[in-house]
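Below, chain A partners chain B and then partners chain C, in two separate complexes.
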Partner chain A sequence: MTTSQGIIMILAGLASGPLLGGLIAGLDRILTARFQSRIGPPLLQPFYDVIKLFGKEKMVVNVWQAFCANAYMTAASISVVLFFLRSDLLLILFIQAVGAVFLVVGAFSSTSPYSQAGAHRELLQILCYEPLLIFVVVGIYLLTGSFKIESVYAWNQPVLLKLPFMFVVLSFVLTIKLRKSPFDLSTSHHAHQELVKGLLTDYSGSFLALTEIAHWYETVLVLGLCSLFWTTNPVGAILLVGLTYFLEIWIDNVSARLNWRWMLGYGWAMGVSLSLVNLVWLYAR
Partner chain B sequence: MKELTYVLIFLPFIASLTCFFKIPSQVRSFMILTTGCILIVSSLLLIPYVPFAFTPQILFGLGVHDLIRVPDFILMFAILYFGFKHRSLLVIVPAVLQIVLVVWFEIIISSGMIEGQQMFRSVTQAFYCDNLSLIMVLIISIIGSIICFQAIPYMKNHEEHLKLSTSKQPRFFFVMLFFLGVMNGLVLSNDMIVIHFFLAATTLCSFLLIGHDGNKEAIRNSVRALWMNNLGCLAFTVAMMMIYHNLGSTDVQQIIRTPPGTGLSFLALALLCFASFTKSAQFPMQSWLIGAMVAPTPVSALLHSSTMVKVGVYLVLRLAPAMHGSFLSQCIALFGAFTFLAAAGLAVGQSNGKKVLAYSTISNLGLIFACAGLNTPESITAAILLIIFHAITKALLFLCVGTIEQHIESRDIEDMRGLYSKMPLTALITVMGVVMMIMPPFGLLLGKWMAMEAAARNIFVIILAAIGSALTAMYWARWAGTLMSDPFAGKFKLEKQPVVTWAALLSLCAGAGILSIAVPWLYTGLFTPSMSLNYVPPYTLNDGVLENSYGIFAAFPLCLIAVMGFLQSILAVRGATKARICAPYLSGIQTAEHRVFMGPMNQLVKAEAGNYYLSNIFGEKKLTIWINLAAGVLLTLIVGGAL
Partner chain C sequence: MFNKILTRARTMSPWVLHFDCGSCNGCDIEVLACLTPVYDVERFGMINVGNPMHADVFLVTGTVNHRNKKVLRNLYDQIPDPKVVVAIGACGLTGGIFREAYNVVGGVDKIIPVDVYVPGCPAKPEAIIDGVVLGLEKLKK
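Then we have the complex of A and B:
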């Protein structure tokens, strides 16, 4: 990658969150509405929401919320930029985790029980998906012999063919990361849950807007990880990601929330066993 | 460099002896400060001389071994004495066995010398220092000294709190300084017999320090530490004799130069590993380190960061070349990864801050053992980075908890809720310490990253490590969040602490930060030349980016971005101080008090939230027995597999 290409990639990465992520969020809301026999908001509604939030008066419970929202946003954007730069997958995961942890610490800094309970649940969600993401990356490493995204693109056939179970594991993570039912434990889009905004309860105004944009970045990142399973053909990648996302929305609308014991139990049992099968298969080859 | 070596080993001994006599406390404090400073400077001055090796010809042509023979027996008899004093068979039996074995060993050696089979037991160099030893010396001298500095105000407070009539500080500082000398001696020695002497000395030192307060619990826990570590020493003695039988030498360099599987019995190596595991408090011998938290906090800081537990990982790393590619090495990797996971799980279940720190130490040491077991250049690099950064960060966190404990008189995480409003700077430094434990671009995470990439070919190790890593993030993030948990937005009002305390905390915090930024240069400066035997630097360095064929870690650029992100976020905090401060959401009518809302029937309701400790999954009572059992099985595999 030359310097100019690098700069273009950095800019593309930085822009992808607010633009692509926002559009995906808008599409998500329309599709969800159609599932529920509603028309839904316009495609650009997420952008209007965020702009409106930025215009609100600044209110905080604890000044360190501002720090945490900013750190979350920074970490999320850097992880996406590194993805665009085709850097090291494990490194990208670690940086993404930084953002996730800061979001939690920000929620902890308010004493509201809703915020606290949400923060703990988010920690459990991180606990559930973090190892699974590492397994996925290890699977890619065992196949391509490298942790660099570059080597995935250099691979001559879709990774999905060799790592089908790892893709299932990844889509499990996707459900948690996109805050979709049944794993929308810490904060949710559905008003009927026992804990609705949880983690985000005491973020408000521009700080809430920052967490929203950071979430868009994270969405782009996990969908980007999905796209790595079909790198030989852009149409294939888009089809795979689109299909997976559609499935996520469908699951979101047909399932009820599970408690964290189920999430952790199912997540780890399924994640470890599927990974083990797939990794041993690769390893034995 | 000979002079520097002597200063590093003997100066603490001399200083500690003077501490032992009743001298005014100001004089003692001054002595400790000067000794520490001289140690720090000498260790830094040692850097350009590495690698070196030499044998001193001192005192009428007697070698080092002849000189330590008498102190060695004094030490072993001292351990035996404490065994009788506290009526512990678990101490007495191994101690007696050890004395018998060492006497036997001395006879074998001298008969060997008479027959002239080996020239002076073929220990060619008494002292040997490569970069691995150097890094240990730096850690011991610098971090150890800083901990001793902070102990000065801490112990003053401590004794005022306990209302002691006669100060026990002379003995305390005697042992603390002595410990530093012993540790320096241990990592610089090249003769197993000398190392055995220093090992026994660390055992005795930690016993004396853990039992310092002299109450029932302290005595019980110190005796436990004594018998466990003494058992480790016994294993070391047996291994030493077997190695002598195999190779006719106790020269460490000669041992590791023996190609794996030729001449050197794996059983001896396995026993050495067992000795290391006891020193590093790996399962099932973890209880001595957990019990050690009854001691004053500087003791915990010293044991956990720069001394005792680091002996174990140092020894295994030192011996790693002799185990390269063996089944034993793989078993150690698995054992280490298991400990990493299990200790992290137990830490999740704890609300006692010091216990969380203790389990986190065990967990991190497990990861270092796993790296040593994987035994590739990448994993060895990871292990050494982990040792360095764990030492700094853990020392920092222990000193923080000690400071907090003296202030709020509790070490429970729940009692630290909203500590930021009471002790803002200490709370922030603690949070910083936590951040340095789990987040990039700090050195500890760089080490973990290298470890994971090195472990990825070993499916079981990577699965254990991945889950352990997530658990680690969980208990640290929970703690950091709890410290900041307060509806507080006022001005920063600095709490009062002694200057030495601030200096210790801030220097450790800044040191970890600066070293993290300097990792690329640390790597080229310390890792590339003469790290240890067969070590080939695995990473290439371009513009501060570490890279090998399958991984790329942008260490320096990430640091830059992190600094910018940090500054930007701090600006955001400054901006937020001007924002409207509102009460936390309670789903009811807010009252003037932050945590109280108007509930149904106009009743005031106090909203409270506690942390999840998931003690019915991760509780000590639930898990410990199973973990010990599993670790026992793995240990059997290690020793049995070596037979």
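Then we have the complex of A and C:
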């Protein structure tokens, strides 16, 4: 990759969150509404929401919260930029995890019980999905011999054919990461839940907007990870990601919220065993 | 230019906080009816949030009494500017049939400034949506 290509990729990565992520969120809301036999908001609704939030009066619980919202946003955007630069998968995951932890710290810094309970649940969610993400990356490493995204693109056939179970594990992570039912424990897209807005209860105004944009970046990142499973053909990649995302929204609409014990138990039991089966199969091959 | 975009975003995304200030639940059911597939207020970007810090539009139903006037005031103060207050139903407007009761202060406007009054006992969902849309005119200014 030359310098000019690199700069273009950095800019594309920075733009992808606010533009692509926002459009995906809008599409998500329309699809969800259609599933519930409603018409739903316009496609640009997430953009209206975020712009409006930036124009609201600033109300901060404490300085830490403002700092954490900015740190979460920065880490999420850096991880997506690194993904666009086809960098190291492990590095991307660690930076993404740093951002996720900052969001939790911000929620912990407030004394609101809703925010606190939401933060506890988010920690459990991170505990559930981080090992599974590492397993997926290890699978890619065992197959291609490198943690670099570059080497996945250099691979001559779709990774999905060799790592089918890993893809199931990744879509499991996707459900948690996108805050979709049955794993929208800490906070959800739906306005009302038992924890009001959980983790995001005390973020407001422009800081809520920052967490929303960071969430778009994370959506782009996880969907990007999904696209790595079909790198030989752009049409195949788009089809695979589109189908996975459609299934996510479908699952979101047909399932109820589950408690964290179920998430950890099922997530680890299913995720770890499927990963191990796939890894052993790769090794024995 | 920027102000124009911001104004458009504000009118396209009114997040609603609903507070039952001692209502008989008649108006509250009508407020919630707005969210159902029949009326689907999400078409206008409206979301019913449970958190005053995220809200733009404050829907208040029912009479204000000496117990809950502090809660009403507190919720109002927690909503960041710019905000719109919509009082709903006969009780929210004036105290309704309870206005003579010893514990009733009266309508919502006795405690906080009200922008739009939506009459009715209970107010119809169409009227409530109309009231919120009218309230959005304030955000345009």
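Observations on the model:
Just so we're on the same page, the second predicted complex is superposed on the first by the 281 of 285 C-alpha atoms of A that agree within 3 Å, B and C clash if a C-alpha of one lies under 4 Å from a C-alpha of the other, contacts with A are read in each partner's own complex, and residues count from 1 in each chain.
In this text, contacts are C-beta pairs under 8 Å (C-beta built on N, C-alpha and C of every residue); 3 or more make two chains touch, one makes a residue touch a chain.
Quick caveat, the model's predicted, so the values are computed rather than measured.
In the superposed pair of complexes, A:I126 makes contact with chain B only, with no contact to chain C. Residue contacts after overlaying the shared chain place A:D202 against chain B and chain C alike.
In the superposition on chain A, contact is made by A:G55 with chain C only, not with chain B. Touch criterion not met for A:L243: it reaches neither chain B nor chain C. Shared-chain residue A:V277: touches no atom of chain B or chain C. With both complexes placed on chain A, chain A has more residues touched by B than by the other of chain B and chain C.
Within the superposed three-chain model, A:G40 lies in touch with chain C and out of touch with chain B [touch as defined at top]. In the superposition on chain A, contact is made by A:Q116 with chain B only, not with chain C. Put simply, chain A uses residues 57-59, 201-202, 204 to touch chain B in one complex and chain C in the other.
Of all the residues in chain A, the ones that touch chain C in their complex are 29, 33, 36-42, 45, 47-49, 51-52, 54-59, 191-192, 196-197, 201-202, 204-205, 208. By the touch criterion stated above, chain B contacts chain A in their complex at residues 418, 420, 431, 438-440, 445, 449, 452-453, 456-457, 459, 462-463, 466-467, 469-471, 473-474, 477-478, 480-482, 484-489, 549-554, 558, 561, 565-566, 568-570, 572-573, 575-587, 594-595, 607-609, 611-612.
Within the complex formed with chain A, the chain C residues making contact are 5-6, 8-10, 12-13, 15, 37, 40, 42-45, 47-51, 53-54, 56, 78, 80-82. Residues of chain A that touch chain B in their complex: 57-71, 74-75, 78, 82, 87-88, 90-91, 94-95, 97-98, 101, 104-105, 107-117, 119-120, 123-124, 126-128, 130-131, 134-135, 138, 141-142, 145-148, 151, 201-202, 204, 268, 272, 275-276, 279-280, 283.
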